[in-house]
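Structures are listed in the sections that come next.
You will see two complexes here that share chain A, one where it goes with chain B and one where it goes with chain C.
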Partner chain A sequence: MFGLEKKDATLLLLVAALTIFAPFLLNPFPEGSAMAQFNAGYPDLMQRFVIFGIFAIGFNILFGLTGYLSFGHAAFLGVGSYAAVWMFKLLSMNVLPAILLAVVMSGLFALLIGYISLRRSGIYFSILTLAFAQMMFALAYSVLTPITGGETGLQLALSDPRILDGGTADGNLPVPGLFGLEMRDSAQLELGAWVFTFNIGYYFCAIVMLLAFYLAIRIFRSPFGMMLRAIKSNQQRLNYTGLNPKPYTLAAFVISGMYAGLAGALMASMDPLAGAERMFWTASGEVVLMTILGGVGTLIGPVLGAGAIKYMENIISKINSDILHGWFAFLPDGLEDFIVAVIYPFIGKGWHLTLGLIFMAVVIFLPGGLVEGGQRIARAFRRKKPDTPKSAKTEPAE
Partner chain B sequence: MSKTNLTRRGVLRTGAVAGAGLALPTYLSAASHSGFTNAPGDSTVTLGFNVPQTGPYADEGADELRAYELAVEHLNGGGDGGMLPTFSSKALDGTGILGRKVEYVTGDTQTKSDAARASAKSMIEKDGAIMITGGSSSGVAVAVQALCQEAGVIFMAGLTHSNDTTGKDKRANGFRHFFNSYMSGAALAPILADNYGNDRKAYHLTADYNWGYTTEEAVRNSTEALGWETVAAVKTPLTQTDFSSYIAPVLQSGADVLVLNHYGGNMVNSLTNAVQFGLRDKQVNGKNFEIIVPLYSRLMAKGAGANVKGIFGSTNWHWSLQDEGSKAFVKSFGTKYGFPPSQAAHTCYVQTLLYADAVTRAGSFNPCAVVEALEGFEFDGLGNGPTLYRAEDHQCFKDVLVVKGKENPTSEFDLLEIVEVTPRDQVTYDPSIFGGELGTCNPGA
Partner chain C sequence: MDALILQILNGLDKGSAYALIALGLTLIFGTLGVVNFAHGALFMIGAFCAVTLNRLFNLSHEVEVPGETDFLGNPLMRDVPYLYDIVGESAGAAIIDWSVPLAILFAIPIMIIVGVIMERGLIKHFYKRPHADQILVTFGLAIVLQEIIKYYYGANPIPTPAPDAFRGSFDFGAMIGFDPNTIIYPYWRLVYFCFSVVIIGAVFAFLQFTTFGMVVRAGMADRETVGLLGIDIDKRFTIMFGLAAAVAGLAGVMYTPINSPNYHMGMDFLVLSFVVVVVGGMGSLPGAVLAGFLLGILESFASMREVINFVPGINQVIIYLVAIIILLTRPRGLMGRKGVMED
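This part shows the complex of A and B:
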């Protein structure tokens, strides 16, 4: 189906089903219950899941296939966001032109940075990309303030021209939309104690992510993808066979930069603001974490990793000591305080610590990331075939 | 690698499923329509406290959170009531807001606009917060304020000192109690002229971001109006920790005053460097070399230690103020946490009270009703003397404190002494000078 092998088509359908039913899957606990704290089915977080999924899928095309570790990928995300917001300001609140310009701009930046950085490989390449990204961050933060809005970020204003929309007269800013469908519009479905939110912006992002995912599968399975893997496994041998790997790596770099730009444009479409922090090196590091956590070189791994990290960032970080005390209120006072004191460093502002521990555990025990974890569980349940079938799945990073 | 099995039936089935999936969200109608976003139920109301818990301003954030918890306690009738009895408006009676018990959710802004917006969005979309407050940096405040405007909830800014928050980037749903760069400049300049004379040459070191620019501009304009000359203004990166290379050229420039437009850790480091270089012992142009820090906070003074002695700056509030409101607040904060509150804690506490009071006076949680109740609101008894929430830009106008690092501190908190309380009229400005448009209030859904 869709020009894919059966295995890949099943994976694509599975991802499609997961994204379509995410509002249900992510809201397993009834509203108002103590566990509702762990519900993640609200529009903003669901949007983040798929947007960072796109970002990580694109990053994986570079890192997973060619083995080139770019440490400055967030720069393209930022370029995409700025381009999209400028489109909103100047042209129209429709998201399509914004996304188009963002992808083109990030592609151009990727071409330039890639052309220079790809002269080196290994750690030198990583450092070069990191340097470029930090340079762009610094520029966006201060020198380019007229274009980027500096520290406060680039925002919409009532006085923006918006040529195609003819500007707005009333006192409130227009919202990004797709031919009249406003991105922030939501419908709610109440089933007993459960409330499920269906957000237009989320479904728009989900469709884009499915397209991006489909494209990634095609790239993975194409001769081009094979060539990229050859670069990863032994670039020298490739050189000796008379092939020049540079155009391939550059193409992979640009494609992956365009994915990042697409993610940036979607971020701006969901929330029309672009800030320089998006380009900071920690943001670049985050996408590396996502990819490794989920499984480098696998198709679905980066999406899972993105989801896991965004979930921690948004859910674990919001648990405060009051909520903890509420949970353990049934225990005797001394014991309650003790348990709260033990757990407290790992929640709220300590979510980075929890993330770090999980990351270490994954890297040590599941070098193939969450995907490997899933495979091990699946294998445990499927005893009859001791040999894993020669499948379409790719091998995790060495 | 490609294997296509298209059958008529298969296409129809896939099409129908996809169509149904896409149509689902539009088919369902918005469930509850109460006229505004997140209308609270009958028993509780949720406020969102969005403060930096990690990053460079984590200290301020922690103090802000303490103040919010104290405010919630007082609103719900707990503790000693803090500033409720001294507040000139008597609408609040310690039974929550409009009879609903106040609950709160917290989030971490990480002092990053994106993270702050994500956190605020989750408070609005997931926890049903009716008001968002907090922030310890102008970038974050401006970003979250714009978000609240779009979402249709009220934003009560915490510590944000840039002119932009209620200037270029003002929003109808956003309110700021804290003072701004312009007021700092206007309050400081006359004191500086009195103490250091009218013919000084100033050298600015400015943190390279929005707040730094507006502060530099404000101090420059107001000191130049009094006859000072600005020799140079050098931008320093926000992440800089060692300022020696920036301090060295100051002496060669012929300047006799150094203005440090830095905040937080930046200021602690640059001031320490400047003092270590012996700048304050120098004589230039026959005058003593002086250093100025436009925005002071107790937490910064603590970080810089003995180096702040005798250095002028401005602040929004200080715990040593002797009016009834300040005394009551310091007492209840001190009783609960064991040390006096910072200015960040004070402004956050006051903002929460002002919001609760506005809701009570308006008789509704509807953001538009709250905006109407706060616009042009005159109040007193919250520690800054008579204060006006100006309708044109949603900025509070009140006296500004000019402070000086104490020569002989008696405790680790007693680091600043108040030199002068600059009256409100002297720091009031025309709301149109910064541009920007307020827009109209947005009640959301």
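This part shows the complex of A and C:
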């Protein structure tokens, strides 16, 4: 189906089903119950899941296939955001031209930066991309203020020309939309105690992500993807067979830069402003974390990693000590205080600590990320069925 | 001329910090072959050693002031550090005043222990893994260390003053024969520069003139052969890791009066220090020091008003620009050896 093998088609359909039914799946707890704070089914967070999913899918095409670790990918996300907001300001609030320009601009930047950075490999490549991204951040923050809005960021204004739209009737700032569908519009469905929100912006991002995911599968399975893997496994041998790896790596770099630009444009489409902090190196580090956490070089891994990190960032960080006390209220007082004191550093504002520990554990024990973890569990279960548990123990699933 | 000297002086203190951190990074890379992204966190931990010692000295209890009452008629209470009870008031006040330099003694054992635990507990298992894995795991460790510090000390910068004797500035210009008030330089920055020169000198002397240093240098050149000669090179490299951590920690201790320490200072310095290491040449100790001072001074030149007017924004990007140019034209850096990490 769609030129995919059966296994990949199943994966694509699975991801499609998950994203389409995400408003249900992410809201498993009834509104107003104690567990409702674990619901992630609100539009803002769901949009972030898919947008960062796109970013990570793109990053994985570079890092997962070629092994080149870029520490400056957030720069392209920033370029995409700025380009999209400029399109909103100058041309129209329709998201399609904004996305188009964002992808083209980030592709051009990626072409330039990639052409220079890919002259080196290994840690030198990482430092070069980091240096370029930090330069772009510093410039966007200071000298390029007329283009980027500097510290306040780039925002819409009523006085913007917007050639195709003209002014708004009611004198309010216009909102991004797609041929009349406003991105911020939502429909709500109440089923008993449950409230499900269906947001147009989320579904738009989800469709874009599915397209991006489909494209990534095709790239992974294509001869081009094969060539990228060859670069990762042994570049020297590739050279000796008379192939020049440079155009392939550059193409991968540009493609992943365009993915980042697409993610940036979608971020701007959901909330039409762009700031320089999106290009800071910690943002580049975040996408590295997502990809590693989910599973480098796997198809679904980066999406999982992006979802896990964004979930932690938005849900775990909201738990405070009162909520913890509420959970452990059934324990005797001394024990309750002790347990809360033990858990407290890892939640709320300390969620970065949890993230750091999980990330270290993944790098040390599960270099394949969550995907490898899932595969190991699945394999362990599959082995147990035909064999007795004893023989499964003697042959650990490595 | 005086403006030039002023900029060079201004660049020296930042350059000293870059040089010290880059020196430690290079020591670790040169001996163990590990790219340590947690090195900035060690710098930060050093700075927080100074904060901790300052707080320890200031632990106090309430004492009645005899013969005085507050406006309600209750006896007036005053906080008196325990230190005053132990060594007397004037000596106690002096010790508190000198807490930052004293923190050097406090930080050295702590940093060495932290470094050795880090190497034996974590990094040891990553020698055979690719450099990307080393970067990632130490990056994760840096996040963890940073968050632990943030949990215990809060997110705000903690001002830690220099001793009274070194507060304020002096007129450096008048001392070397320029007009008065042209070159004003804070005392502590000069102290920091001298301190870093001493530390750098000590590290080089240690490597150059002791048997231990000789073995380490031999190990850096050819680890396997040294091992075959019956020397336990792993143990010495672990000690070197501890020393590198101590160097970073001391750089942090002494930096606290210049910049109030906060939990992300390590990350801020780390990115730049990596650029410094790469510019100096991966694995070259003199290169790291040279590049540290060079980039510090270059950065301060780029912040001169005349330069900014000529090329706007250059002060923000100069270090990265230099790094890009060096990497493209001379990939092994200013003083790097051929073949180090070029694969």
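Keep in mind that, in the parts below, the second predicted complex is superposed on the first by the 377 of 398 C-alpha atoms of A that agree within 3 Å, B and C clash if a C-alpha of one lies under 4 Å from a C-alpha of the other, contacts with A are read in each partner's own complex, and residues count from 1 in each chain.
One rule holds for everything that comes next: a contact is a pair of C-beta atoms (placed from the backbone, for glycine too) under 8 Å apart; a residue touches a chain by one contact, two chains touch by 3 or more.
None of these values were measured; they are calculated from a predicted model.
Touch criterion met: A:S142 reaches chain B and chain C at once.
By the touch criterion defined above, A:A193 lies against neither chain B nor chain C after alignment on the C-alpha atoms of chain A.
When the shared chain is aligned, no partner comes close enough to touch A:L211: not chain B, not chain C.
In the superposition on chain A, contact of A:F132 is made with chain C only, not with chain B. Of the two partner chains, chain B is the only one that A:Y203 touches; chain C does not reach it.
In the superposed pair of complexes, A:A341 makes contact with neither chain B nor chain C. Of the two partner chains placed by superposition, only chain B is touched by A:G275; chain C is not. In the superposition on chain A, A:R221 makes contact with chain B only, while chain C stays out of contact range.
Of the two partner chains placed by the overlay, only chain C lies in contact with A:G356; chain B stays clear of it.
Counting residues of chain A touched by each partner, chain B versus chain C, the larger count belongs to B.
When the two complexes are laid over each other on chain A, chain A has residues 138, 141-142, 352 in contact with both chain B and chain C. Considering their complex, residues 67, 69, 116, 119-124, 126-128, 130-132, 134-135, 138-139, 141-144, 281-282, 285, 288, 292, 345, 350, 352-353, 355-357, 359-360, 363-364, 367 of chain A touch chain C. The part of chain A that touches chain B in the complex is made up of residues 1-6, 20, 39, 42-45, 48, 138, 141-142, 145, 150-153, 155-159, 170-173, 175, 184, 186-190, 195, 197-200, 203, 221-222, 271, 273, 275, 277-278, 280, 313-314, 317-318, 320, 348-349, 352. Those residues of chain B whose C-beta lies close enough to touch chain A in the complex are 1-5, 21-22, 24-32, 53-54, 58, 105-108, 112-115, 117-119, 121-122, 125-126, 137-139, 142-143, 146-147, 149-150, 162, 164, 169, 172, 208-211, 235, 237-238, 436-440, 442.
Considering their complex, residues 35, 122, 125, 131-133, 135-137, 139-144, 146-148, 150-151, 267, 271, 274-275, 278, 282, 312-313, 316-317, 320-321, 323-324, 327-328, 331, 341-343 of chain C touch chain A.
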